[in-house]
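A, B and C label the chains in the order they appear, each numbered from 1.
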Amino acid sequence: MNAAQKHTDSPSLASDAAHPSSPTPSVLQGVDPASSLSALVDGEVHDIELEHLLADHAGERETLEVWHSYQVIGDVLRASAPAVANQTPQAFLAGIHARLQVEAPRVEPVLEALVLTEAPSTATAHVRAPAANDAVFRWKMVAGLASLAAVMAVSWTVLGTAPAGGSSGAGAQMALTGASPGMAASRAQESTAVVVNTPQGPLIRDVQLEALMAEHRQYGGMSALQMPAGFLRNATYDATGR
Amino acid sequence: MTFALPLRVALTAPVRSVARWLPTPTARQPWRAAALMALVAGFWTPLQAQTATPTATGPRSVNEWLMRMHEASRQRAYMGTLVVSSGASMSASRIWHVCDGEQQMERVDTLTGAPRTTIRRNNEVITFAPDSKTAWVEKRESLGLFPELLRTPSNAIPEFYGVNEAGTERVAGYLADVVEIQPKDTLRFGFRIWAEKKTGLVVKLQTLGEQGAVLEQVAFSELQLDAPVSMGKLTRLMKDTKGYDVQRPVLKKTTAEAEGWRLKEPVPGFLPMSCHTREVADAPAGGVAPMQWVFSDGLASVSLFVEPFDPQRHGQEKALVTGATHSVSRRVGAYWLTALGEVPTATLRRFANALERAR
Amino acid sequence: MTPEDHTAPPPPDSDVMLVQRTLAGESRAFDMLVIKYQRRVERLIGRMVRDTDLVQDIAQETFIRAYRALAQFRGDAQFYTWLYRIAVNTAKKQLMEMKRDPLIFQSQMKSADDDETSSSERELNSNVADTETPEAVLASKEIAQAVNAAMDALPEELRMAITLREVEGLSYDAIAQALDCPIGTVRSRIFRAREAISSRIKPMLERQTGKRW
C-alpha cells in the first residue's frame, strides 16, 4: 500500500517509454485500452499513458464508445447529468466538427500537419496547434505612455485581417509605418512593429523586440530561480526568437 | 456487514463532505452507506502528511529556501508537463530531468507553438527545430552560476527580499509548501513558490506584480517524481544532429567598460553579471549586434541591449510588457537602448537614466 | 451564477490533460471532453432556454467557442468552470440577439421562477433536464435503473471501489489506503466494475443511436 505501486498495472512503462524518440509499438501492449480509459476518467493516468492511448486507439470507435459509457455511469451515480441527451454524442460531435470547418476555415487552431522526423522528435506525427505561443509574444503598452498611441492613430495601414488570440472575431492588423505623421506610406521602411486589435486591447508584435527577448531569456537568466523553473520556462516558449 | 467504529477515527475532509449526503434517500443506493462506513472504519487519515511537521530549526530563511529548491532539482529525476501562463495565453511543454551526481540532463519538448526540443547537459544546451532542421548549440553561463551566487558576500537577496511561509497546497498531485518571497522595495517583483514538501522541488512559481497580481505562472500540471528517465538515451539524443544544420552562435565576452559604457548610479540591489557582444555575422539585417549587459539582484534579471541608433529601425521611446517581462526602449545619445527584465517599468527607466558613455 | 455541481467530486486532472493533448493537435482528445460534458452543458442551457433545438444549438456553439479559445484556458482553473461560463455567455448572447423579436424572446426565455431556486435539490432528485424529449427522458430513466441494478449485482469489493471513486470522489491513493490494498488493485476493481455496468447499458446506449460511431 504505497504510492510506488501507482503504475503496477503498466510494468512496461520503463525508460523506453520516457523517450518516444523513434516509432515504437505501443509500450502498453497487453493493457486493455478500456482500462486506460477507466483510469483516465478518474484522472489517474500518466500523460504518457494518455499519449499512447490516443496514438494507438484514437481512430477506433470503441474508444469513444467506452469513454461515453463510463461517463454516463459516473453521471448516473452522481446524478450530475441525465444519462441521455436529446442528440446522440455522435450527432452532436458531427455537428461541432461540421461547423468548425464551415464557419472559419482559417480559425485557430489550424491543424496543419507538421511531420516531425526522426530523433529527437516524438514518435507520432503530431498535428500541431500553432500559436498558443503567438499571444505570448504580443507586447502590451504600459499604461501612461501616450506617444505610441498617437503614432497608431496617425499613421497606419490596414494589412488585412488576422485571427485574434483565440476568440471569435478577427482583428485588424496594422503596421506602424513611421515615427512622425505625414510620412508617405510608400517610403520603404522596415516596419518591425505590428499592432493587432484583440479583445484584450491593442497588442503589439515587434519582431526585433522578440529577438532581444530571446537573447535576454537565454543569456540573461541570472537568477536563483533559474533552475529548474526559469530554464524550463524559457525553453517552453523560446521558439519565436529563432 | 457491520463495522465496529474504532475509537481513534479521524474524520477527514472527504468524509466530512459526504456526511451531508446522509439525509438523502439511501434506500436507492444502499452501497453508499456501506462505502462511508468503510471509510470511517479505516485507520486512515490521508491528510496526515498535511499536519505540520515542524522543522527542527524553525522557519527557513530566504537563502535556505532557495538552496533547498535548487538542490532538489539536482538530485531527483522527474518528468512531467509544464504549463507557462500569462494573462490570456498559455504554453506547455513536456519535461524530462535526470541526474547522476555529477551531470544534470534535461529535455524539453514544446507542446504548443513551434515545435522545439531542447536538451541540456549541465550548461551545454542544444535546441532542435525539426520544422527547419536547424539546431543551435550553446554554452550558457547563467546556468552554472548558482549556487555560487548565494555564497558570495555580495549576495543581495536577503537584503532586498523577505520570505513568508504560507501553508501547504497540492500541485500536480504533490503536497507543496507555499513560500512567498516578497520584495522589500518597489524596484522588483515578488514570487509565490510551491515547493514539493519532501524534496523542495519547485512545482509551481508565480511572479507577482503590484497588489499581488499574477504576472506569469509556471507550473507542472502533471508530474512524476523519480521517473525512469534514461540519461544514456538523452545523451544519444543530444548528440544526434544528423540531418540538422547545426549553428553555434558565438558570444564575445567583454566588459561594459571595454565597450565604453557605465552606469552613473547603480540601481539598488542589481549587480552587473556579464557583458557580451556577438560576431557580426550573427547580426540582424542592417545592423551591428547589440551589446548585452546583464544585471541581477539574485532573483530578477535585467538585460541592457545597446546598439548604434538607426533611424530606419528605431523610432520613439516605448514601454511595453508581456507577461512578467517589461521593456523600455529609448535613444541614448547616438545609441539605442532596449532594456528588458522581469522588473517594473520604473526600474528599467532607472537603468536607462543611469546609462552613459564612459568615453 | 456559479456551477451548481455540488454532487460531483472535484474534477480530476484528466480534463487538463485532454486540453493539453488537444492543443498538441489531438482532436480526439477534444471529442472526449465534448462527450464528457455534452449532457451537463445541455442541462445547464436547458434552464435558460425553452426550445429543445435551440438548446442543442447553443450547446454546440459553446463547445465550438471553447475549442477556439482553448489556448486561453489556464491549466490551474477547473475546466468545467471555464466551460460553464462560456455556456452561460453563449446562451445569454443568443437570447439577447433574439430579444429583438419580443415574441420569440418571451417564448424562449425561461422565467426566473423556473430557474435556480432549488437547483441543488432538483439535481439530487432528478437526472432529467427540462428540455428533454419524452424519448430521452424515458431512455434516461431506463439507463439509470440499469446502472442501479448492475451496481446491486456487483461483488462487494467492486461496488465499494467504484462508489468511493465516483460518489465519494476519492483518489486511487486514498481508496487504496481506505481499503488497505495496492493501488493497482483499486484501478483494476474500478475498471471491472465499469465493465460490468457498461455491458448492461451498452445495448441501451446503442439503441438510442441508431447509427454507428
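In this section, a residue touches a chain if its C-beta (ideal position, glycine included) is under 8 Å from a C-beta of that chain, and two chains touch if they have at least 3 such contacts.
Since the model is a prediction, treat every value here as computed from it, not as a measurement.
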Graph class of chain-chain contacts, one of line, ring, star, complete, other: complete
Middle chain, criterion being Cα centroid separation: A
Between A-B and B-C, the pair with more C-beta contacts: A-B
Distance between the centres, which are taken as Cα means, of chain C and chain A, whole angstrom: 24
For chain B paired with chain C, centre-to-centre distance based on mean C-alpha positions, whole Å: 36
Inter-chain centre distance, chain A versus chain B - centres from mean C-alpha coordinates, in Å: 20
Shared interface positions of chain B, touching two or more other chains: 29, 81, 88-90, 92, 112, 222
Residues of chain C touching at least two other chains: 13, 17, 20, 23-24, 71-72, 124, 148, 151, 163, 167, 173, 177, 180
Where chain A touches two or more other chains at once, by residue number: 47, 77, 126, 128-129, 131-132, 135, 165-166
Complex contacts: residues of chain C adjacent to chain B: 13, 16-17, 20, 23-24, 71-76, 124, 148, 151-152, 156, 159-160, 163-164, 167-170, 173-174, 177-180
Complex contacts: residues of chain A adjacent to chain C: 1, 3, 5-6, 8-9, 32, 34-35, 38-45, 47, 50-51, 54, 58-59, 61, 63-90, 92-93, 95-96, 99-100, 103-104, 107-109, 111, 126-129, 131-132, 135, 165-168
Chain A contact footprint on chain C (complex, rising order): 5, 7-9, 11-15, 17-18, 20-29, 31-32, 34-36, 38-40, 42-43, 52, 55-56, 59-61, 63-65, 67-72, 123-129, 131-133, 136-137, 139-140, 143-144, 147-148, 151, 162-163, 165-167, 171-173, 176-177, 180-184, 187-188, 190-191, 194-195, 197-198, 201-202, 205, 208-213
Chain C-facing residues of chain B, complex: 1, 14, 17-18, 24, 28-29, 31-32, 34-36, 38-39, 42, 44, 46, 81, 83, 85, 88-90, 92, 111-112, 172-173, 217, 219, 221-222
Chain B to chain A touching residues, read off their complex: 29, 66, 69-70, 73-74, 79-82, 84, 86-97, 106-110, 112-120, 127-131, 134, 136, 138, 140-143, 145-147, 149-150, 157, 191, 193, 201-202, 205, 216, 218, 222, 224, 227-230, 233-234, 236-238, 240, 243, 251, 273-274, 276, 284, 286, 290, 292, 294-296, 298-303, 305, 312-313, 315-323, 325-327, 329, 338, 340-341, 345
